[in-house]
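Across the two complexes that follow, chain A remains constant while its partner is chain B and subsequently chain C.
Right, the complex of A and B next:
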């Protein structure tokens, strides 16, 4: 067990370091398209961390939704803007002073939370894990049984968003 | 979880504390797989041109080796020797990174493919979802290549490709959902195994009915439509004709890889063929039985190994299992019910059995006079094969499974090539029209119908 823990630790630190470096890439890159592709690396490393935690369902969903869906849309939106053919398109950044202030505030909050919990972060309560059941079926049963109302409310919200988007994007049909 | 070969070796060596060996196993299998992909893609380029040639009443490549069979090696050498040109206007870093992203996106999908019973490099519980997810990440590599080239044709090609792949994921997801609903698992092995269970409207208890029990014929005609929709979407997601508008030579030079030369260009080609195999494998696993043979029982047939059993008397209450199966006599049959719903009925003849297959486990019911026995157990390979091959039986079973699996996949890849030289290309608007106005509603209807049928007769 010791060696497998060591292996997991090595992979964890490698992936986490990669995530942090690519997150810096997202924030610091002068080129907006490069930022978007650095975000790809961040999302992939987040997925890798889920996989390390044996959360296979969340891992696949992370890739499917964030990488295959949201990131593609972000890049699409960037590419539909003008002057995109110009490779040296730059990324207007917020002035340094307010940015540094915000970052320091967030850092303080995070350190505060960490200290308040004496180095021990609150653990998520795992669902009553069933040994031979794959995680997907556990998640599915919880969604359909314990959290049915929140699930339904969220789906109605998403439906409303979809209809709203379709309404905004549609072409006006002129009468006559 | 299904134990599989690679994970098995890997876990065992980790438990022994042999960390280097475990890492070595991973690298070894990755090495085998990546070389297989490369060789497969190479041979596909040859096959593609041969198929094209014969369809157009030509002979195709004929010079290098007998019938030109070594042409793909010659091409590979040529591509490696070509100069690697990076355009002046390109974003050098992303331009160079893009082929790797595209290839990685299609290569990682191979890891979850069920090559043979209990043999896949990683038998993931979320297998299908994993493949769909990583398959969709190929889009980003394509966008990266198109944009970084600094060429508007490449850019248009990439945008078209991304729009197309994102759109066609919707009907793909919906058709896959129908199958996942029937099986109740995302694991590719379980999906394959579930297709050995026989047709529900013909009794559903006989297993290994071969072709008839594949999911394509499970709830006709809806599952047949579902298979066709999935295959059409597969064509679109691999940017194959008739959906190859991202590469449309007549409009866009060569689409997103216009500016690529030499080996970088060949990596795009490699990943296109790798992707063709992956989508064919999805169709083969979901609808054509995966590694199951098309007729009768597999040669390396299974036998049953009991892990726990429970006995009862039919004169009394019958038997109730831990997970809620009730077996009791009703007239001249033994009725098996789960909760309130009847599931099977077994005639009161001696030794009748019924299997409920879940994963690699099965449940067997034996009736002997008034006594009834319910066993839970595993299906282990090999009665036939064991008598013929002795200890080599598991290997024979795997080889047999591989033969069927690859046979089905190669056939589907061949159909893709066949279509390429038969059908003209769609226009951009026609392509989107087909996806959103025809395939997506059809996929929804299919999903609903399959669900209804499964609820009514399959349960």
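Right, the complex of A and C next:
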């Protein structure tokens, strides 16, 4: 095996293992702040997987929006709604046997279907869709041509979301 | 090509990505089912959305499906951000009314 292939394999398995361990940390950690930082690790490793798939634009957006926006919002919400000192009470988890059984069944079904049909999956070994030019230009063309209506609707949705969140989170002023 | 080499990531990238995203999806599902804290449930939803995004990009890049996948992922990320903002505003409203963010405790529409 050439060195470059070996390197890609090593990077993929390291990143994937890190993502899986962190995802279990999100699901099972007793402390909600630890859960939030495990989510940070999952988001970063997902970004690394995008980079490995040569999806440069999605890599940048993942870090800008998810890590820079959503995760900061989540940590803000934790800080605003928890008494941080009582860590043991902060994140009650009830992993009941039925819940774990259901999740394990779902995982087995997903992986089973995947392995049963892996012969019919495409066999490409290199990224194809936007291999020859940067993904940003391709996605930009798609947004201005095929996805113009969703693009406009999303901008209206963001405005509505801005107003709605500000309205919901304001302090009620009691009259009189 | 040796026996092991046929099953490594560089030979079957699509399957590997799909397995990773299945595991992430199941962790998100477990979080959603077992947590009582509303913020934790929101984290589970983000995990599930990330798993779906990985699938979109993997099928687009390794499945010969054209550049639609990344565009859809862009919309999913926008919607996730909008959803997180509104959900956290609602969670803060619940906290102001009930004093905690336990989803089992929030049983009333108004005081």
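Rule of thumb we're sticking to: the second predicted complex is superposed on the first by the 133 of 176 C-alpha atoms of A that agree within 3 Å, B and C clash if a C-alpha of one lies under 4 Å from a C-alpha of the other, contacts with A are read in each partner's own complex, and residues count from 1 in each chain.
In this text, a contact is a pair of C-beta atoms (placed from the backbone, for glycine too) under 8 Å apart; a residue touches a chain by one contact, two chains touch by 3 or more.
From a predicted model like this one, the values you see are computed outputs, not experimental measurements.
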Overlay on chain A: chain C relative to chain B, clash or fit: fit
First (chain B), second (chain C), both or neither touched by A:9: second
Chain A residues touched - chain C or chain B, whichever exceeds: C
Partner chain(s) touched by A:112 [first = chain B, second = chain C, both, neither]: neither
Which superposed partner A:37 touches (first chain B, second chain C, both, neither): first
Which superposed partner A:134 touches (first chain B, second chain C, both, neither): first
Which of chain B and chain C A:57 touches, first, second, both or neither: both
First, second, both or neither for A:67, with chain B first and chain C second: first
Per-pair minimum CA distance [chain C against chain B, superposed on A] in Å: 13
Touching both chain B and chain C, residues of chain A: 1, 57, 61, 69, 76, 135
Residues of chain A touching chain C in the complex: 1, 5, 8-9, 12-13, 16, 19-20, 23-24, 26-28, 32, 35-36, 39, 42-43, 46, 49-50, 53-55, 57-58, 61-62, 65-66, 69-70, 73-74, 76-78, 80-82, 90-96, 99-100, 102-104, 106-107, 110-111, 114-115, 118, 121-125, 127-130, 135, 138-139, 142-143, 146-147, 150, 154, 157-158, 161-162, 164-166, 168-169
List of chain A residues in touch with chain B within their complex: 1-4, 6-7, 31, 33-34, 37, 40, 56-57, 59-61, 63-64, 67-69, 71-72, 75-76, 79, 84-85, 87, 132, 134-137
Residue ranges of chain B touching chain A (in the complex, touch as defined): 1, 14-15, 17-19, 22-23, 89-91, 93-94, 97, 101, 124-126, 129-130, 132-134, 136-137, 139-140, 143-144, 147-148, 150, 152, 155, 159, 162-163, 166, 169, 184-187
For the chain C and chain A complex, residues of the former touching the latter: 5, 8-20, 22-31, 33-37, 39-40, 42-44, 46-47, 50, 53-54, 57-58, 60-71, 73-75, 77-82, 84-86, 88-93, 95, 100-102
